[in-house]
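This report refers to the structure that appears directly beneath it.
Chain lettering (A, B, C and D) follows the sequence in which the chains are written, and residue indices restart at 1 in each chain.
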């Protein structure tokens, strides 16, 4: 399913570079490759060795930096950048990253991908001590924690502070003479190190950003690590040894770009395997004529499903390439006429056919209902839906905005009920074990859940939930756990 | 290949509606589905039964109509709209369509997809008679021709004028109480009639625009026809019977959206068959590991090629979804670093593999060179290129901006030379007869070239070239015809 | 009264230069000095000796040329520019001048200040001959007339065409190698010639534009003259000798900038004399404490009135300097609270005082009513109003948008009635003979009405009204002529 | 001299309202009347009784609120607003006020007009305690001081904090259920209380803002007072009794709008008296023909000077009303041509005359030099300059950006030297005692300097300078004090 049209929203991409001429322009192109991780805002903070410079705004990267001058002012050989997804209401300019904090003893830039599970508690504690926050973002917490540790040197203060924050996080910090990168103890979010042809270092959310700027992949950042890059080069340190790998499985299922490689696994290949295993677990009906995928994020899984079943892989849905923000909405009357702006069914392909449609996941289910309606209107005789991930039943607390179980179709309904609601002839999901097997994380061989976080599917979170614990338990009173 | 990144540029989409509440809003959504036909400008002219209203501007449709008020002012139950591709320099606001002409005896709106081959001659003749043109566009010619016929009624004047214009054209005209649509005698451009659920009529460049607004397909407009829609419904008339079907084959190869159906042929299916026949004519090497397509326009042909060869169809290239206009360009230094904004090779797929890449066409060849470089840098062992259309050797005069043979790689080089220039292990093209067979136009069975224009491949134009004749002949002195 | 807040709107300023490096930039600064003549749109057309270049848009000059690049593209040593006032509804981009017309035999730029009284008739005649107009502006007529004269050389065609147009006009035309300027046979509008320090020539609506760019005043353009400036310098020709000087008196009363000199008379000085003569004709009451003017256009007359009466000249009203376009309007409730955005009464000056307020004219009367209310709310004991021009009773057809008598307060009401409606203790107007005496045009000594058009005050138009004749007569049936 | 063209820049206007429907819209119109106090940015924070809402941006008020929706979102019956002047480099969005701080125990909005003299010291102290600042503005200090006082209730914490801040300040604070206003112990800045017709209360920088929204003047806020407005009405409290009235004399000389009344004195009247006393102290030469003022801020003083001397008061300079931000600058060549965009001399008035020009002050002197050049080029025989304030010799630390003595013409040069540099036949300044006498502050009768701050003229600051002390003393080493 395309990034624009779903209920499940990814959160943020980060990119940092040190020791490279034109650092902010390089960051611009790196962020461009990460734009799928966030479309609500973007920004860059650069260091010229003495001062830090910032530019950020709402919108897509290309909208934020419409004016080359805004980029040119971000001088220096080091920079960090951020693309942001923000839920409505929190999308004020003050929340757009990277943040830039100015202190009498030196400026600090800060960019973050993730979600702190003890942010509410920490913020309250800090406010009671007199802290004044400038955003509603979790991210700002880190700088307050660091600054509270007066007397400690910056690196020590940073390490202690990282131990105080809980949840899933990938932080980049920029000071005038160094770039810092830190990953949470479970490695929920991907974060990789690269090196440019001229010897500068890069830290980025995904390898596709390294490819985009012609940088060589060095290695993934590991859970609990703290990377320091300065004029002496790359230093790999750590702030904790209490780590347990639990990469967010949604990165493989939906978030990451198919060409990215996370912990040794190419995302496209993982998705194709998900489709293949799904075909074994939930075979196509005997009379199926073809397999189609939902562009763009489900195409890999759909081709894997087709290959495994031997059915033709067809283009039964196409996505309009021009779905940029539009302020014109169809009226109710037009909606009934059938105005569709994003996806179209290809009548010439599906008419009179029995179709297996493969999607990567079902969150709220509203898009699935529309897709099926569209296919049937285009003449599809039967529609069988196969989902290349398990039913999404539990909230996601580490960097996605689905923290309310009541929004999750699979939390409220059995698969049989979902099949009826969506209006398909059959519906099948990948199993949790199938998912783990498809991703096949080399580092996760001997780890629980294969080194992945699959809590959204089985409710077993790898860490305490802190601030969310109570909400979480509460949600089960309202919507009892149902498995079928 | 994606519409944004090629040298061969399509020209314009048109959409008209009569007898429908909220006509301009419906037109907006219809144009949205036609956006792939032109991204440089857009506009709508509506009729409220008394007066015509216009709004147009440079940019994508969503940029032009950023402000709902601009659409709301276009009141009435009839409207015509246009999306425009414009070559640089001619892209002034005065050239953005639909045009609106105000006369003491009634306003006329005008939108056009095509290219008149006798425009220069006609304009000069008209100017000598005192005509003052407001644009540099061919399109304006028609209204001057009509207005010169004082004394004749509008319909007669229109018919005579249509006989005076030569080339490929699909015109929409709007008057306060009627919508007119006319197609050239060869039917170069697609143009279809649809009907909305509430009984209004639509004329549009492609059926995908009918689907987008939930309208039912009625029939294709035929060469030489003049369609009139007014309060009494749909009237099918004609301005000439001297017709000879010769649909532009590039519509099937590259221009049209895969879900559109042109003269009974679904574009995706035609492309898939092109891939299939290409596989017979230009088989894959024995050691090939996979087939990949260039997103998005070559994916259909690539899947056809894969299916015919039995090779796996893989996602070896992905397209960045966020390639909206950017004003930030990589510096030369960054370009050498490898900054790529639009397409990326998927290393995890192609590394160490022998790859067959299928593209829809080669025009200038610059993109092909880059694509191959990208695949090799991502580790592809061998790259074999297959093109799902014949070598593009002759200029296109009916609505595309390639009128200069010297820009065409295949006009200057043999296939063997092209293979070396592009840097592939092998290169093969579809034959002209294969193309005709793949499209398999039902109406074209007994027609020359199967009812298609394939002049770009074989130099045989279905009509005299008028103003272009001399340029055309000249070009062969500079670049002798080479066939190999 | 300030230009922004009245009912009577001026129309257009023109500026042309030939033989000067950076011609378009010079034109920009010349137009800046003429901005008071039109705020709805602006544009420049330049000639580089071969081609003409155009940029124009809606808004103030500084808004239109926000981007230096738009000005830089207007290369060459000759340019014409225009600032436009447009009545609502006619303010489409197509009407923004200068126009640029492209012909096979050379481009023509065209800018105009004035109003043609036979435009409707001419347009109809031309349309019947097949002409297609691109704007709803009078101005475009001239180029059609010229182009109809195929066979004649440009200069002859221009002269004949100028004789075919009736009304008040000041035209600038630019061709690749010459600049032309023509004034109507009555010289309704001001138009002056200047010379830059480096020897280039300028033609502009007012001398203030010459001062603004450091150019020396050469002489006024005279009625019926046709000025040609080319590489051989300045040529003064004429297209008619049937001339009769009748300068628009509103230029002196209200339109022109106070520092401009029109036909030898400094506007500020004329206004001051209007105030002086007004004091003799309509003396201040015995108990008056002070004279105040309405900023900015009435300050000259008010100071003349104060000087003649010996009363103190005070700042009883001030104008907010920041009244740029605002899209936020007071709600009705706030309006009742008293929200005033443009003018404020100075309580500390007028409280408890008997005030004589001098204004330049009363058109619709709405502003006068508000002003008096404001002064009384600020504590003024008595308000006596003196108007430094005669009652405005007849429509203005030569370049102002008041062509409807029913909008004119003085057409519908006697002075006594007006006094009551406005709510002042007394009201007095300057006489027509006082106005003529105050302006004291040297060239007008032996001419009817002193060489001025005063038709708005006495109904005697210096020329036939052509297209307006019928409307004019009709208006007297609705509102009988009343003089008191 | 006009606000746009001088070296001496005012700082900020504030407006707050409580208990009024449409509070943010009322604030918009109030700020509009205060726009002369700051043009670099504007914003409004409103309270709907539960939550606070903010909108702010760079630019003039009308630019910031181009979109009515941005204002409509600021719901509620209480609001504070701010217009800001910012020195270049500090004009980032983060510095635009009002600030909005969100805390677990309630939001706080903050707007400020003034300058804290111990801001650097306080900020460093707070940062050492772990504080993180979001702006580079002094203003933010107050909220950090308040929040440090955990355990104290808000009002007590505010009072203690106000005692910790030094300098000149007028603060507005908004909480969900109350509006607070505080003035520094010297009352440097004007701040007044008003009441709307429907009973709501207003606090604003100047009375002109009350007039603009139809509110009744209640009284001036006095030094050391703390005003609280909540659902129970208006409460007047104080945070210190250690007060000493010392109103900034520049408010009367130049900053404030002429129609405002500060501590009982109408600004226009004070300026007129400055002109009158100046005429006694520095009479016009015997052969002077006229007095002219520099529009707009010197017109009051000039008319006072003219009245006292009996010389005619003439309009020798006019100001272009359209000097909105322009991005087009004259080239050096054009500058030499004489391109002038803001002020013009009226040749018809000054030619051949001996002119006395009255200006309100001389700061850097650059504008004076240009003005005189302009008058002489327009033909003035002699130019005599009279300044309606004393020589500006010492920096201003309480809210203006002139803190560097080296920029002050009168700090570096004697009056005789200035006369030569400016190029006038004579030059004279008002004395400090003349200034005090002209303003004639009722509350200042028995106070030092008549209750005014005149330190810019005599170097005697009413308070210690704190952070500026050292810079101040340093400046005398570089530029020794000169009095003549």
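As a convention for this text, a contact is a pair of C-beta atoms (placed from the backbone, for glycine too) under 8 Å apart; a residue touches a chain by one contact, two chains touch by 3 or more.
What you are looking at is a predicted structure, and each value in this text was computed from that prediction instead of being measured.
Following the contact convention of this document, no chain is adjacent to both chain C and chain D.
On a Cα centroid basis, the chain most remote from chain A in this structure is C. Inter-chain centre distance (chain B to chain D, centres taken as mean C-alpha positions): 62 Å. Inter-chain spacing, taken between the CA centroids of chain A and chain B, is 37 Å.
Remark: chain B and chain C have CA centroids separated by 50 Å (rounded to whole angstrom). Under the contact definition stated at the top, not a single residue of chain D touches 2 or more other chains. Interfaces, counted as pairs of touching chains, are A-B, A-D, B-C, C-D.
Residues 2-3, 21-22, 25-26, 28-29, 32-33, 35-36, 39, 60-63, 65-68, 71, 196-198, 208, 211-215, 257-259, 261, 266-269, 296, 299-300, 303, 307, 312-315, 318, 320-322, 324-328, 330-331, 333-334, 336-341, 344-349, 378 of chain A are the ones touching chain B in the complex.
By the touch rule above, chain B contacts chain C in their complex via residues 54, 93-94, 101-105, 123-124, 127-134, 136, 140, 143-144, 147-150.
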